[in-house]
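Each of the next two complexes has chain A plus one more chain, namely chain B in the first and chain C in the second.
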Partner chain A sequence: MAVDTEERPTATASKTDATAQQERRFQRYRIRTGMFAWMMHRLTGVGLVVYLIIHIWGLTALTDPETFNALIAKYHSPIYKVGEFALLVAVAYHAMNGLRIVLIDFLGWSPKQKKLFWTLGAVTAVIILVGGWPSLYALGEWAFGPGSMPTLFL
Partner chain B sequence: MQLNIEIKRYNPDEDDEPHWESYEVPAEPLDSALSLLLHVKWHIDGTLSLRKSCAHGICGSDAMQINGENKLACSVLVQDLADGDGDTITFAPLPSAPVIKDLIIDQSRFFEKYRDVKPWLITDGPEPEREYEQSPEEHAMIEDATKCIMCGACTHACPSTWADPDYLGPAAMLKAYRYTFDSRDDGVEERLDVVDSPDGLWKCYTIFNCNESCPKDIDITRWLSALKRKAATSQASTTA
Partner chain C sequence: MAASQTNALNWFLHRITGTFLIFFLITHFWVQHYDHQAASVTHEVVTEKGEMPDYPEEAEEGVEARMGSSAEATPYQVVMQRLADPVYAVLWKGFNILFLVVALHHGFYGLNNVMTDYIRNPMGRLVARALSWTVALGLLILGLYSVITAGW
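Presenting the complex of A and B:
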């Protein structure tokens, strides 16, 4: 082999603070579309796992009708409307970026990855606005009083 | 124009940890980023250490993190890094690699991974009387991947490498692609054994930092995807 890297005393010196700092998991690096898409995918993915745990825990209320109704009544409070909207944002993004990754990995669409990012980003925005309108509407009514929200398509 | 050059310096004999130092350097828009470093070394501070050899984007010695992303210092121009007088350009060693001094990283791990994927022709048929032949169409499959100069910009730009130092990384796996998809090669299974592993292909999350940093504009992610499909389908055929 052209490169012999077996003996490198300076490089294999005991791990100093310097190498520890250099070899850390999180690096300062310029964020472009691909890395942004991945970071959001991780974030929404972890968020959805946390949501699923809470969601399944909620099913423990299914033991009798009264506790179940009491739980469902809570879902109409504003904080749950915020959660509902956040859930939609996470699901919509994770699904659309998941589709992007499938197209890249399965169909070899790597050369189109940036166009895919922006196109599916626009689709995600539409899904969030249309699907999230009922939550936003309910939140607006709560914040600014009944009748304060414009009735659009719903 | 006059530029402000900031370099992440580290001397293991004197410093406890790396620190940034600034230099005022005169520059022209069409100068290479490397020429700025050489100006510092030759006219301001001779103790600055960096690797460079051909200075023309062939040897791949001077990959480093410039303005926050990995580039080949000799292949990027000042006009693409700075707009005018007083602008700052930053230089740091490749992220996540052990630093020997200043901008020089220890490449041992990088080249170990390279050897791991068996980057040579593996054949099991009888040797041809003359050379192994390959059609232009067959070569087209691997042409892009053969442009790799092993500078390490991609592997050290990859968040999977930062998180897992044992991850093979894009450069090594691009080599695996280059030989696996070479029409003359018979080493598919040997090489897939290496890349179809927890430290291999499946830690590629299509983040595209490798593509963005490649000085040869190789569509690395595309070829790693092709290798993933190969690994997935050949595994299916062996377990069936």
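Presenting the complex of A and C:
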């Protein structure tokens, strides 16, 4: 489920206009970040199921060399490289947000939730950049000509 | 009572399968995209029909060492370094089968959660559940078949 990432607002005895507004701001923040994180988790989860169905279906090609070669060659076309990158983004997001949910559920990480949220966000960004570099590199080489992209760690 | 117990168990299982999937996916991704010898997908774009991607030196050497010096590093042969090897095949097929089972369970259990949220009608839920698990079972059989017979 969607888990709040806010820190609990401090209890106030008398609510001045300013603190009431403060609380409303917290509430808006919670709905935006928490709801959005949950919706994206759902969306990527369902997307991954769709991919998994196509993937297993396609892998019946493993029984025939010609068909398998054609399948993997197709994975190297520009549009599939874009798809490969999108797939990684979906997997990385779903995995790290899922890990966040599991950690909170099992370890009860509540006071550190916000920190956990942003730490895992940074980890996700690193996974996407490092893991996605082969796809981006391939697309760049194709679009801007051989040698136009830095090889980096490839 | 019984129903709520299985729900709690499934909720727990879903978290466990999710956690396992992190390890499966990291390994899968490494082997398919990063490892110079074993990756089936290279960082190259292929646009011509019938053209095959080029594989790095390590992959060509690996294929020749296993399949003979005349063997070519095509996508199929590159994957067969693992799936047709007398030793590694058992490990990799085992890995793939576990991955398959865990991914299907996690994915289709999750899908059922989503469907239960949007389908209000009990009959509709039952149909959706039966249908989705039938698809999952079909995919399990299909996936088992392809990965077990690969390289025979």
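Basically, the second predicted complex is superposed on the first by the 123 of 154 C-alpha atoms of A that agree within 3 Å, B and C clash if a C-alpha of one lies under 4 Å from a C-alpha of the other, contacts with A are read in each partner's own complex, and residues count from 1 in each chain.
One rule holds in what follows: contacts are C-beta pairs under 8 Å (C-beta built on N, C-alpha and C of every residue); 3 or more make two chains touch, one makes a residue touch a chain.
Note that the coordinates shown come from a computational prediction; the quantities given were computed from them, not determined experimentally.
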item	value
Which of chain B and chain C A:Y75 touches, first, second, both or neither	second
First, second, both or neither for A:A122, with chain B first and chain C second	neither
Contacts of A:W142 with chain B and chain C, given as first, second, both or neither	second
Which of chain B and chain C A:F106 touches, first, second, both or neither	both
First (chain B), second (chain C), both or neither touched by A:W57	second
Contact residues common to both interfaces of chain A (with chain B and with chain C)	101, 105-106
Interface residues, chain B side, partner chain A - complex	10, 12, 15-18, 65, 67-69, 93, 95-101, 106-108, 111-112, 115, 157, 159, 162-163, 165, 205-209, 211-212, 219, 221-222, 225-226, 228-229
Complex interface listing, chain A residues touching chain B	1, 3, 5, 8, 10-13, 16-19, 21-30, 32-35, 37-38, 41, 101, 104-106, 108, 110-111, 113
Residues of chain C that touch chain A when the two form their complex	15, 18-19, 21-22, 25, 29, 33-34, 40-47, 50-53, 74-77, 79, 83, 100, 103-104, 107-108, 110-111, 114, 135, 139, 142-143, 145-147, 149-150
Touching residues on chain A, where the partner in the complex is chain C	42, 45-46, 48-49, 52-53, 56-57, 59-63, 65, 68-69, 71-73, 75-78, 81, 84, 88, 91, 95, 98-99, 101-102, 105-106, 131, 133-135, 137-139, 141-142, 154
